[in-house]
């Protein structure tokens, strides 16, 4: 079976300037996720960051990407609108897109959702417990019914997104909040997942269960099909002969 | 009961330059729809067009609009991006939005959908028959099981939109096509309807049944609630005391 | 405006045999809910219980019922299958149905869902906090963003129901669980709500906020339309002339 | 890769008593579908019919079935309720279920839907054209945008089923009707497809494109996971310590 081609995109700024983040992710968040996917097997993984030439997402890279992971936080505004639109178009054409944690405010994610993607938040080193809501979903394959992270940033409802097509996880937080922490949507020919955890000051992406979710998600989001997205053709020929009615019937003269 | 405040926005260009369109809609498409809603009763209706000052959609007008109808075709590009974004934000805050016919490509609709909203089309004076799929939906109140327009432009699948929350109508076309012709979505706090018919060269909005749909749609899309949309507050206080776990448990060292 | 005709059906057994329940609900759970709806106004309320003649749900009663509330727990099995099927058919024809708390296992609810409706549970006098997920939903009208019950039975995920059409509430529980506590579905021409709280040993239905939800739910579930449900007619006449193809083309001879 | 274990269940009565049907399906509808799946490869296929001992669906057979196809028409009533419930439970536990054509009225399908599954119909040898609505869906893999059957029975809307999770196909009929002809639902841990065509007097299941859909559907509906379905356990232990509030706060004394 051909490997799934994954590109892990990371803003990568916290790892440069915040010592505690650098200590947790010496290879960057992207490096940690890429290593986990390589270990899982079946993937051909590359990484890309905001500060790479062309932000790491040239057409050649996107042509060779079945699934794009996206982590961003403090530099959402530095992503050019044109790049965000290009990513959106790729998703509509069939590329998988996995938005992680603070990427709820990433430009491509917001374009795909059409909503503000706002939420409530608190940094208080609190416990997060995930409940699998849809055990049969491929993203939940092999997971226990619940799993925990000892310390995470809290994200709380209302999460301003369209109703998910599938709700895979709901999170419980020690401080008293809940969140739809694993949500999928189909957009155009592509599959989109939002997966909540991953604050930069916690070693979330080193966690084996979280890594299982990421690998499952990449497998689920990858699709063989790529199609043109913006096709609105004039259909000169009809399937059937058209007779038309005798006269334009108008039932009113308002 | 307080009247529902409706603004019917129309590009209004065909009616100026195309004699046949002007003949069908001497008061403009907006004028025809506004008259139908006034006749139905329960609405306070105003109209607005692309060529009005500020395109007819000042903050004062939007403040006084519960439901916005939108018809556009040849001049989608003349709508400023900032106006499209303002309309999007109003919908997310609870304003109803009814996109009509070629407004599938209108900027505010595309922003709300997050997809390309493309479709197939053919102008061949063909018969369109609507099937009510969801008889219990308020938009279908009082309608027969099927209704017809003798001549319409054809719009055919695939219609590139997110799966509708509710599918109210499917159209059959004489030339052999089908289309999801009445689709609803919730976005933020607002309700959105796409309603297919209404090509400018046909007297569609003079049709009594189509007018019933428009009035039903306005009643359905109107909501008392208005809320802030872009609120992502820092929750300083938690609901419950947070103890936290002793140590950041990391189950792997990838 | 014509009042909405509500029937509150209650198994009514705990109130007869369990002194603590009787102390909380001297008029029965049905009596408490009925009083709350009468206070809210706009409803014509009757009650019915398992031990009434014909279990309180004669055809005449159902003919005069726009919305049926259902509370049951220890005597689900005493509801005849034929009655459950009759209620299901009424819902498919447009009657609203509000399943409360342990009615997740009520026969009519299970018939409407098609799944086992199982869940996890714990009786531990724990705090339940409701989060409004869909503020624009009529069932959430006038509610605060969150509200609490000091002591409730816990219901935990996975709740084995079809994906709700709308998710109005999610509950957080002190003991560490979450639950989709307000779920709606359209079935046939009818609207169905499952609303979680209401264990018989807690004064849940005396709570003003819970009572607001019940009144909102009754308003939302009531629909003017009633239709035949089991109509699968032979359509002798077609809309259009049928020519047919020349020969039954078979593309294979497996 | 392990083959997917498919059981094709067919009522099998028309093939015994109706000469024209026997002429089209000398090995039965089940035999034709089984042969097509074997030819497609990757499946281990068995067949079962109503007149087999235990109707062909012993526990041993169901234990060895990943996906169950179901064709029935004139003898729905001869399927015992207990068997229908057993099939329903298997689906909730993860078995795929493909309901074909007149199986819209099959007992297991109706139990899974919770609705009447009624529709309109006409036998008039008319042309049916399928439109792929969701090109990215695995069930549509490799299909053209549209495909046709020269003669089929007509099924028309309203199809009384819950809103599908995914709408894969819509059909156009020569006589002027439309139908949601490929609908999927998740129920419990299982996946359900309703696929419309297949009237016994037409050679529909000999058609190569229809056969592609059937093979795609079997691949899509097969899931590795099997789980208990009716688990509603008492959770003696909570995840977190429960303090409870001081007193049962009641905000009202209705």
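The chains carry the letters A, B, C and D, assigned in the order they are written, with residues numbered from 1 in each.
Following the convention adopted for this analysis, a residue touches a chain if its C-beta (ideal position, glycine included) is under 8 Å from a C-beta of that chain, and two chains touch if they have at least 3 such contacts.
Keep in mind the model is a prediction, meaning the values are calculated, not measured.
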Partner chains shared by subunit A and subunit B (touch criterion as defined above): C, D
Relative to subunit C, chain with the most remote C-alpha centre: A
Intercentroid distance (Cα basis), subunit C paired with subunit B, Å: 31
Length of the line joining the C-alpha centres of subunit A and subunit C, rounded to whole Å: 35
Set of subunit A residues in contact with two or more other chains: 129, 135, 156, 163, 165, 172, 174, 176-177, 186, 188, 239-240
Subunit B - residues contacting subunit A, complex: 32, 35-36, 39, 88-89, 92, 105, 111-116, 118-122, 124-127, 150-151, 154, 156, 160, 162-163, 165, 174-177, 185-188, 202-203, 206-209, 211, 229-236, 238-240, 242-245, 247-254
Residues on subunit B engaged by subunit C in the complex (per definition of touch): 94, 129, 134-136, 141, 146, 165, 172, 174, 186, 188-191, 223-225, 227, 239-240
Subunit C contact footprint on subunit A (complex, rising order): 129, 131-133, 135, 145, 156-158, 163, 166-167, 170-173, 176-178, 180
